[in-house]
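The structures considered in this document are given below.
In the two complexes below, chain A is the common chain; its partner is chain B in one and chain C in the other.
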Partner chain A sequence: MTEQFRIYSKDAYHIPLSKGQKPPAELALDNYLTFACRHKFCLEVCPVYQVTRNEAHTSYGFHTSLFAIWKGIGNIEELGGTFTHCLQCGACEVRCPNTLFMGDFYKVTQTTIELVRKVRSDLVRAGVGFPGLDEVKKEVEFHLQAISKRDDLMKWTEGLDVQVGGRCDLVLYVSRFTATQATETARAAAKLLKKAGLNFSVIDMPQAGIGEALDIAREDKFVELARKDVDKLREMGAEMVVVVDPHDYFFFRRIFTRIFGELPFKVVFITDVLWQMMEEGRLVAQNEIHKRVIYHDPCTLNKLTNVWESPRKILSKIPGVQFTDEHHIDQWYYCCGNGVSTFKKVNPEIAFTIGQRRIRRALDLGGKTLALGCPHCWDHLTEVKTKSKSDIELINVIEILAQSVGV
Partner chain B sequence: MFKALATGVKVKRGRFEVDPALMKKVKQQYITEEEIDKIVDMRREYLDWMQYNFGQKLIKPPRTSKTED
Partner chain C sequence: MISQYATVDQGIVSDLIGIVGEHNVTTMLHQRAIRAAVPCPFPIHRWEEHLPDVVVLPGSTEEVSEILKLANRHRIPIVPRAAGTGLNDGAVPLRKGILLDIKRLDQVLELDDANMTVTIQTGINNQELSRTLKRYGFWWPFDPASFPVSLVGGNIGTGAWSLIGGVSGHIPDLVLSMTVVLPTGRIIEVGESGARKIRKSSTGYRLKDLFIGHQGTLGVVTEATLDMFPMPEAEFPASFGYDRFEKAWKNLRSMSRAFLRTMAMAALLDQERVEFLRRDDEAYIALPKNVRSVIGTVFYGSEAEVTAASEVLFKLVREGGGLYLGEEFSEGNWAGRHETLQLPLHGRTMLGDVMPSTWHVQDAAVLYSELPAVREKWHSLVREYQEKYAIFDDGGIIMHTNSPYRPWGDYILSMDLFIPEMELDDAKWKAFLELDRKMSEVVLQHNGSITACHGATRPGQAELIPIELRNGMYDMMRIIKRAFDPNNIMNPGKFGLDSAYVEETKL
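Let's look at the complex of A and B:
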């Protein structure tokens, strides 16, 4: 199935691993380039390595493990335990000099996230599996059932008096997770766009938004759902799609474009639009919000799509907010612990520790409120906060702005 | 505008790129112009961050090199 779509950037990744067989030489060469680099900048920047101190849980370890199999000193049955220790946060990819200092020149970059997804899927296809696989499969099945339930999926729009579906230049894209688990964020986004006087429509019954499918050899389902949404947005006549969930933003900007080529509409993240509205004077943050705020950069924005300015600018302009800015490059080292897809379901203890460290860091800087840009971070850190009995407030930047604007 | 000083180097959109014909052993991957832009932007931001955190002083080069006659 994978050969039909460009799921991966590198051709060698499309050749599946099999039990008892050497990986293809082209993949071994790619692995060797990391094994032989010796920089190991991918270690300390990795939030998982910061907890486990196990080199096998890093980009260097993943590439080396595969190279070892090619050298005949390992087998794919051993890979599950290590390849599940990746948040897919992208820190190693961007910190690696192969990407940061040479990637644009040679057009060869570190692609750890794709490698991890490939190996996990290959393990499923080869009948080997990996720890926590059943949990991940359940999550995908849950998503597939949930996207057909209109009452749940579109309930967040009730009482907002916004257009749902139909033709419109500007479309607000809210996928299943935000629509059902972070409804206040979705509602705040819609209210702010409305307050700014923008004529927009909300996508009706979105289907995509399940990155876990790429981890369990269900690439076909991922592509099918993505295509449905892209087709729907095209039929709506969308020229600009405003995305509320950073995970979806990452999918649109990095994965959908690889699979479908250039999209027929522009994709922007919600805070970029809101900041533009503030600059143009169409949104005025007038109510004082007395909070001591630290901003947490979501990995899918900061490391994977390089969006970090607009949330900071918004927070800086809200009256009453005491904003302590942690540099976005420093935050390459951070993650909430949730990960972009399966990590939390497979490694709940490590996910908890990473989240706890992130909250402690915010508290150390004198923060009482941790402002977030991602509903998945909010969901995971809320769990961490409850379990660790912390009194830090967790709230999305969009919701703080909505309070200040008064919607 | 930049001009490539070495053979095998191309200039595209004002940026240096290796001549793809030279990439025979290690194959180039599929990468969009947007992703290239992202790498270039992040490198600039990273170097600014390095300078801000670790650039305590700027060492000036000597007027003449000691190894030159």
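Let's look at the complex of A and C:
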């Protein structure tokens, strides 16, 4: 029931695809602009295509498949296996000439991620589904159960002496995944904010953070959970919300704002705040950390929300760290392999290969530590590291900073 | 007689799966549909006619060989496809059959730093190859407009041209040897010589060139040994404005005669091109009004050579009445060479409304002396068709240096035509082909060649091949095609070579 919510930025995306029916003409025009451009920069920049070498698994392939159906060639029933081959990393969007040169003026910015979500959900609505759908549904159900368990969800705050849930103009937002799977990252974030002397409150029992719902026609649930968190933050009196998980940051910045309009608070990413604290002298990286570090840009920051400077600046200021920078635009071509929502659950082997390649690139540059900005990257690459018996160290930038600051 | 082709049935699909594995064969409609088109005007109203029956992605030369043996045995058309970025329709299937997608052949096999060669599988992307060589201090000096996406195999198939060919040559010059799978499935090696890395030899016929620009009609190139260059110390782009095309054209001649060996490219933009760019390109919008023609140049080489050359260049431009357009314009123009210009909303109707379009690039090779005359006739022809059919938009002309290793002689006369594919029907498609043919006829009247790098595969151009290659050359092509490919399975219908099978050609 996407028409109830402004989930997509283009009107045509809100009209569901149905079996045996042509896609709407407005969608065909959107598809045509990618078909007709055919610079095809969306091929080599795509981490999935780099592995499968199948041009169907690219923005060109997605758009052209639908355009062909509009011309009477093909049907939506066979699209599931193709449209699951997208990480939703955003590489094709930032690399697309439609975005780069015409996006704002003509309002034809490339929106592949939304298209992929739309088609996946439409396939579910049409009763067609896609490979791995059951796994994705399980993940959503797991999240829905987990967000009601206070003992698990808020355990990460134990012993930190931080305010949880009270009114405060500054709120630290840590959602279910980071709270339960990357506890050290969440704790390091809170400790650093405290050390900087900031008065903040931690959101109590956050509900959102399940992008998978948008892939399985559960937009209603996604919006319901998002609304709860936005309402809660408003009730807390938040003027600024500091987000630790880049996926959440992407949801706030790109999706919540579309659904709810302008939010009643400013949303900032944790490393931007921490760097500001360092610049103001409120956080001092003093302990030497002897690591040869490469930084991995999370897709949700680098490609989707344009955050890439602050993690680099932080790493550059930590004494002892030998930091070799890979340019953030070069990293448009990279991903950890996890994807923003369902990819890994549907394509574990490709996800593994993409992760292996990312670690290999870091090792080729002489890195011993791959610094991460995202708990999902950390989780996935840890699995890749274990399976491939690599000895690279994986650690969040925030945790390296916490070690150097001494908290 | 013309081959009767077998249908791709489930048995053939099963055999293909036996060769490359289940994941690398697909008959799904959308997978076939996306591989029917390339980025030049495509008759989407006749899309179905160009659908291959099955798509196969081999992972080795041996697998390609087995696929070709199977196809030859059953008489099934094979169309090789690389990135599918060609600006003519060489990779568009005309007789359905098997679409052989080479993208999985994407490995660097050997880097020989002592002899400065690199051996690759032909499904590797140019930018990726460039990145790999850069890590070892070498330069892949091949720079087509499609650099970020095209594959070396596709460039070999079309006989591709490089923006910087004036200093480092084009694909025919950079490929030293190749592994080729013939239509019978036999795997052969061809090169400048029998040795894979030798750059010049007189042993035997020069057979390498048969497989460059063959558009997949003679076999499938699966591996290639390439020339690589040292990283150049200096890169220097410089652009100049002129108040008249003729002035720029004359200045181009002075630049050519200065014998500047580090001059990798000169590109002359005519008045229509500058006006077209002024519609959308911020850099051109800001140019002084009296700039009606532009020459862009770029130099590569040692710092000392490039500095000296730039001094000569600036003197020549001053004497020729040109205006230096500044560092920001020059560097931005060069840095954006792969990115800009051909976008689907740049086309306009005659009333000035946006016309969602693809573009056609007419890419004739034209002698320096003939550039003004051919240019005028092309614009005139396009105006005629614009007025008659109201679907074409003239994006202007660029004239790029075309000769390998020297910035003089002949030029690619490159015109962008915007064509709204969504409005195409048989009449409009026919009009496009007719326009294409008439533009090519003009080129032949002026002793040029129909195409410098995209390949004359589309009807309209293809029917003129026997005229351009008269006096025995086209007869030789027919004999070679039939000898190599007795069942006409390799990309059948291209270059008008079905005629080779109607009756035996004799010299």
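Quick note on the criterion: the second predicted complex is superposed on the first by the 407 of 407 C-alpha atoms of A that agree within 3 Å, B and C clash if a C-alpha of one lies under 4 Å from a C-alpha of the other, contacts with A are read in each partner's own complex, and residues count from 1 in each chain.
Going forward, a residue touches a chain if its C-beta (ideal position, glycine included) is under 8 Å from a C-beta of that chain, and two chains touch if they have at least 3 such contacts.
Keep in mind the model is a prediction, meaning the values are calculated, not measured.
S.K.: Using the touch definition from the top, say if A:132 reaches chain B (first), chain C (second), both or neither.
M.R.: neither
S.K.: Of the two partner chains, chain B (first) and chain C (second), which one does A:10 touch, if any: first, second, both, or neither?
M.R.: first
S.K.: Which partner chains sit in contact with A:257 here, chain B, chain C, both or neither? Use first/second/both/neither.
M.R.: Touch status of A:257: first partner only.
S.K.: Does chain B (first) or chain C (second) touch A:98, or do both, or does neither?
M.R.: second
S.K.: Determine, under the contact definition given at the top, whether A:29 touches first (chain B), second (chain C), both, or neither.
M.R.: Touch status of A:29: both partners.
S.K.: Return first, second, both or neither, reflecting whether A:106 touches chain B, chain C, both chains, or no partner chain.
M.R.: Touch partners of A:106: chain B and chain C.
S.K.: Which partner does A:69 contact after superposing on A: first (chain B), second (chain C), both, neither?
M.R.: It touches chain C, and chain B stays clear.
S.K.: On chain A, which stretch or stretches are contacted by chain B in one complex as well as by chain C in the other?
M.R.: Touching chain B in the first complex and chain C in the second, residues 29, 33, 100-101, 106, 108 of chain A appear in both lists.
S.K.: In their complex, what parts of chain A are in touch with chain B?
M.R.: 6, 9-12, 26, 29-30, 33, 94, 99-101, 103-109, 111, 253-254, 257-258, 305-306, 327-330
S.K.: Of all residues in chain B, which touch chain A in the complex?
M.R.: Per the touch definition, chain B meets chain A at residues 15-18, 20, 23, 25-32, 34-36, 38-43, 45-46, 49.
S.K.: Where on chain A is chain C touching in the complex?
M.R.: Per the touch definition, chain A meets chain C at residues 29, 32-33, 35-41, 43-44, 53-56, 60-61, 64-65, 68-69, 71-75, 78-79, 82, 97-98, 100-102, 106, 108, 364.
S.K.: Which stretch or stretches of chain C touch chain A in the complex?
M.R.: Against chain A, the touching part of chain C is residues 28-31, 33-35, 37-39, 44, 47-48, 51, 57, 83-85, 101, 103-104, 106, 123, 125, 127-128, 135, 146, 148-149, 280, 339-340, 342-345, 354, 356-358, 421-422.
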